[in-house]
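The structure that follows is given in the form of structure tokens.
A, B, C and D are the chain letters, set down in written order, and residue numbers restart from 1 in every chain.
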Amino acid sequence: MEKLFFLIFAVIAIVSAIGVVSLRNPVHSAISLMVCFLQVAALFILLRSPFLAAVQVFIYVGAVVVLFLFAVMVLDLGKERFGGYLHHQRPIALVVVIGFVFVMGFTILHGSLDAPLGNYTEEALVKNTEIMGKLLFTKYVFPFEVVSFLLLIALIGAIVLAMKEKR
Amino acid sequence: MEGFPILSAIILAPLFGCIAILFVKEASISKIRAIAVISTSVSLILSLYLLFAYDKAKAGYQFVEKVEWVRSLGISYHVGVDGISVAMVVLTSFVIFTGVFVSWVGIKHRIKEHYIFLLLLVSGVFGVFTSLDMIFFYLFYELAVIPMYPLIGIWGSANREYATMKLTLYLSFGAVFALIGILSIYFTAGQMTGSYTFDMTQIGKISFASSYQIWVFLPLLFGFGVLVPLAPFHSWSPIGHAAAPSAVSMLHAGVLMKLGAYGIIRIAMGLLPEGAQFWMPVVAVLCLINIFYGGMVAMHRKDMKFMIGYSSSSHMGYVLLGLSTLNYIGVNGAVLLMFAHGIMTALAFALIGFVYDQAHTRMTYDFSGLAHKMPFIAVAFAIMGFASSGLPGLANFVSELMIFIGAFKTYPFQAVIAVFGIIITATYMLRALRNVFFCEPMPEWEHLKDATTFVQRFPYIVLILVLLIVGFYPAILIDVINAGVMPLVDKINNVSMAAKAGL
Amino acid sequence: MIPLSHYLLLSLALFSIGVAGVLLRRSIIIVLMSLELIFNSINLSLVAFAHFLQSMTGRVFVVFTITVAAAEVAVGLAILVAVYRRRKTVYVEELNEMKH
Amino acid sequence: MTTWLILFIPLISAVLITFVTRRQKDLSSYISIGAVVFCFILSIDPILNLLKHPHMEPIQQSFSWINIPGLHVEMGTLLDPLSILMLFVVTFVGSLIHIYSRGYMHGDPGFSRFFACLSLFIFSMFGIVLSNNFIQIFIFWELVGLSSYLLIGYYFEKPSASDASKKAFLVNRIGDFGFILGIFVLFQATGTFNFIEINHILEKGGIPDSTLYLAALLIFCGAVGKSAQFPLHVWLPDAMEGPTPVSALIHAATMVAAGVYLLARTALLYHLSPDAMEVVAYIGGFTALLAAVIAVAQNDIKRVVAYSTLSSLGYMVMAMGVGGMTAGMFYLTTHAFFKALLFLAAGSVIHAFHTQNIWEMGSAFKKVKTTGATFILGSLAMAGVFPFSGFWSKDEILTATFTSHHYFLFAIGILVAFISAFFMTRLVFVTFFGNERYHGHPHESPPVMTVPLIILAVFAVLSGFAGLPWFEPNFGTYIAGPSHGGHGEHGFNFFVAGLSTVVVLAGIALGYIIYCRELTKDPLEGNVLYKLAHNKFYFDEFYDNFIVAKIYNGIATICNFAEVNIIIHLFVNGFAYLTRESGKILRLTTTGKLQHYTLIMVAGVVALFLLFGAL
């Protein structure tokens, strides 16, 4: 059962990902990206991380994709302006990417994982969200603060950058 | 004064001055100058107090302050002075004190920034001369070098971009080698004792293997030698002097070059006595290049700042020769020469700057008979020239004499060449004096004005007085310096005696 | 139970597709989207590892990555807008002011 | 205490004039004159004391100047017969010249500066005379060089004066180079700088002869420089660019004699090193001859006197070299009187005629009687005519040469005596007699100048009797004290005295024949030897055009070439060039295209995996 779901999600994710990079219309790409994000969120649930799945949906689907769409719309870019690949480096790029897939795939298939197991077993993960909340505000409070500060800066930065220059 | 952190006060006074100037408006020049004068005179007064309060009988490091900084790495803010440092601190405070007055006259634009950088630099120099922790030594050293870049780049004269780039690159280059040596000592000492520390007083107690000492002495010697400057890595210095504004030349030649020699004394010789034993004969040969070759180039140069610049590298050759003797007389002489040369060369650059600011040329052949228009400057220049060529009654003579006597014991041949060097010095100094200040006055220099106001004359008078006082009564400094030199030389020589006894 | 390698292979696939997008597409907006894909693949592998190691660290980090990704997209798009206003182009190869 | 007072009063005077009374010229001169006269009065007491106790023990007072382990330098004073004699000469001649200068320099814009420098000189000279150790004597040795520099270059607006002062200082520096090395050699051997301690150690012996020889030769270098012996004699004639009182005081009576004084101070060292003494003697003899020949062909009144000084200095050094310490010091004393007299009188003549060329004077005696008379007395003393002081002192030197079996040097000495008599006669006749060749209206100098002349003339005539060999105690009794190796008296030798009188008279006669008639130029002109001598045997040209211009400046040029081209251009800028060029090549990789960078990055990751990965 789980395997089936995994397979479905995985195939859709890959197909939509290919769509993101290959579709000519950026609006289509963005929508394809959204599909991909949803699949990943679903996979998170398979991995017993419902909180993350929710976050994934809220932020990626709800914010990021919308931002992309916004950008495309605001700039009002014609379809033809967005199309096109880089032709001069396509062969090398493909070789490199395939090489990368080969190398990494080989590593994954032949690798083995021997690290001490933690104590968050499936049973413990029932209270998944609660645990995560606790961790974020205790052990990881410093990175949490840093990241939130970063977000604030990004917010301000984005506003400043996108502001129309005063004449 | 018991318990008062004198050394920190000396280091921080210019830094506070620098911060205070930050809050003053650019336009209120008199306030900026007042702050600069006050902060440097605080350092001057305290360092003079240091000179007289230093207990010569007790010797060793005194006025020590220690605050832990990074415990896990063994870094602490540890300052203290021995006789050698006292002399250097006094030198620095005199040079900056007079430098502030020279800038008062010479710097016409961006006065605020100039003083900020100047004071920052000096703070670093004080720090180097008092640090007993190698990391702080290095940090203060960089603090002293970096302001040099804007100071020459912004307020310099001809060719300043090239000069400031070259200077900064050379100094950083040397510093990196020194840092390698410092880190090596840190790790080796840590491995040997089990407790990692950058504290020189503690590392000084460790005796490293002699082959190790010989290897690590080299990067230290090279790194600090570039600063001295040891030939053939000297070419940053004359052009740096030439391009820099007066006060910066004063600091550069008067103090900055001494940082290198001080580093050699304090870290290389102080921590690696056997390395010193091994390498000093080599230094004694190399320094001849400085003395003879530097002097000869100085003789050929017609640009007065270049002339003094090369003569500085020639004189620093004497310092190295004195250090390389590894006996009381020579090393004492070397430290005293560092002091005397610092004062004398500061005077030289101040004077040349004074002439240059009005005439916009420094070529000896452009001038004639300036003594008619500026008698005060002529007299001061003559005194500087005579000091430089080792005339008795001025501080340089005593120190050179001691270096010669010391060197004559260990390296008679080098001593002969070195003594010949003072003839070369006298030649170019007297030639410059004749060409620039004597002979018929020229109509094109009718507009030049002598130093007449108090502010204009004050720095020269102070520097000349220092030269005269030390020249007439050298014991005032030598007794203090000797208190620092004796333990150092004893350590180096005891080590070699022990090594011989062991064989 | 799906083995870890499946997740990792999926992650690899997404990553490679993202890289291909970055390398091949001319439009900066698609490049940014491909970057998001790469982020996602990383998140996926992080969570997968966390799951199989029974740890929370990976999961917590995903929260941070998502945040950073959001910030990145916001700034990136803002830059895109600013650049477009000035240069009237979104083609990566035409934005080569930093050359030499 | 008195000695310290003597030493420092002139310094105080110099400082006072420089900083306080610079604008009040009269006051400045009074301070300077007062200082030196006061010193003279103070030095009377030690002189009387010496006369009472001929074999006095040296009195030392000193304080420590530098004191570190291995090096102990003192500053001190030493009173022994030698220094008391020099003290007397310096204060006495100095006082007269100071007084004379007030007249001579009258109205000069740098009047105060002149007196300040004179005071500085007197201070430095006292320092040499009174010092009890080598370092101190070296210090003041350099300081007299400084004051000499300042006074030669007094008219600094004249390029010739500036050059002359520079030359004097540098040539002296070359001598001092040897001197200081000699001091080091001696310090190395004995471990002390103190004269008396060194003498004790030398008396004990045990120091290798080669060391002593080296030390003696090197120390002699100092004397060669200061006393202008060949080959460093070239500075002294040029030093005549200074005001005439300076020439009289520094370049005739006192400073140049310091070299001889130094040899006397270190007499024991030379006594122990006979080889070095030979060198000293021959250098002295050669200088005496060379300078005498040159003096014949000079037309500048001061230069003639200057070369006669050179010749006399050579004489004294020769005396030292043959072991005639007493003779040398005696000559030094009488020479100080008559040479100062000659210079001051020459100055008075110059003052009157406003020229230094003797061929533009002539028949001057009618106009400047006092000056002329004193000048003639001085010339007779210089020529060594019986019974003037020069006769007795010169005779002692010749006797010393003769009795120590240096017959060749004796011959030179006789020859020099002949030439000296000849050129002094020439000078007197051309300047004071013959036909009138001057313009304007020369007049006698004021009493402030003539009175010192008269006093000096009295001493020039009579001081020789202090050394009469038939009476005890005479000059030698005091000077050849026990501490100086006991170079004995040489007595009076009738052969020597007779011979010298004969040649001197012959020289005067020859001069009379050639020059006592109506002349407009030198009748000897055109003679090859005259030409050579007139051009000072081209020593200056050789030094200036070859040694300085070619070798010294040549080395500097080569060094500068190496500096600019090899170090700066090749190494430093070459390194920068390499960096820059390699940067130029490497920057081609930065296309500015984002995706190129990304591609390279990914390829790099793959490559790293292939290289180090767990494949």
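Descriptive notes on the structure:
We adopt the following convention: a residue touches a chain if its C-beta (ideal position, glycine included) is under 8 Å from a C-beta of that chain, and two chains touch if they have at least 3 such contacts.
Note that the structure is a prediction, hence the values are computed from the model and not measured.
With centres defined by CA atoms alone, the chain at the far end from chain A is D.
Of the two chain pairs examined here, B-D and A-D, it is B-D that is joined by more C-beta pairs in contact.
Chain A and chain B have centres, each the mean of its CA atoms, that are 60 Å apart. Averaging Cα coordinates per chain places chain B and chain D 37 Å apart. Chain A and chain D have Cα centroids separated by 96 Å. A separation of 91 Å divides the Cα centre of chain C from that of chain D. Annotation for chain C: residues touching 2 or more other chains are 19, 23-24, 93.
In chain D, the residues touching two or more other chains are 595, 599, 602. Chain contacts: chain A has residues 86, 89, 93, 96-97, 100, 104 touching two or more partner chains.
If you draw each protein chain as a dot and join the dots that touch, the picture is not a line, a loop, a star, or fully joined; it has some other shape. Under the contact rule defined at the top, the touching pairs of chains are A-C, A-D, B-D, C-D. Residue ranges of chain D in contact with chain B, taken from their complex: 64-71, 135, 138-140, 142-143, 146, 153, 156-159, 161-163, 166, 169-170, 173-174, 177, 180-181, 184, 187-188, 552-553, 555-560, 562-563, 567-568, 571-572. Of all residues in chain A, only 86, 89, 92-93, 96-97, 99-100, 103-104, 106-107, 110-111 touch chain D in the complex they form. Residues of chain C that touch chain D in their complex: 19, 22-24, 31, 92-93, 95-100. For chain A in complex with chain C, the residues that touch the partner chain are 2-3, 6, 10, 13-14, 17-18, 20-21, 26, 29-30, 33, 36-37, 40, 43-44, 46-49, 51-52, 55-56, 59-60, 63-64, 67-68, 70-72, 74-75, 77, 81-86, 89-90, 93-94, 96-97, 100-101, 104-105, 108-109, 113, 115, 117-121, 131-132, 135-136, 140, 143-144, 147-148, 150-151, 153-155, 157-162, 164.
Listing the residues of chain B that touch chain D in their complex gives 166, 232, 235, 293, 296-297, 299-301, 310, 327-329, 332, 369, 371-372, 386, 389, 391-393, 397-398, 401-402, 404-405, 408-409, 415-416, 419-420, 422-423, 426-427, 430-431, 433-434, 437-441, 473-475, 478-479, 482, 485-486.
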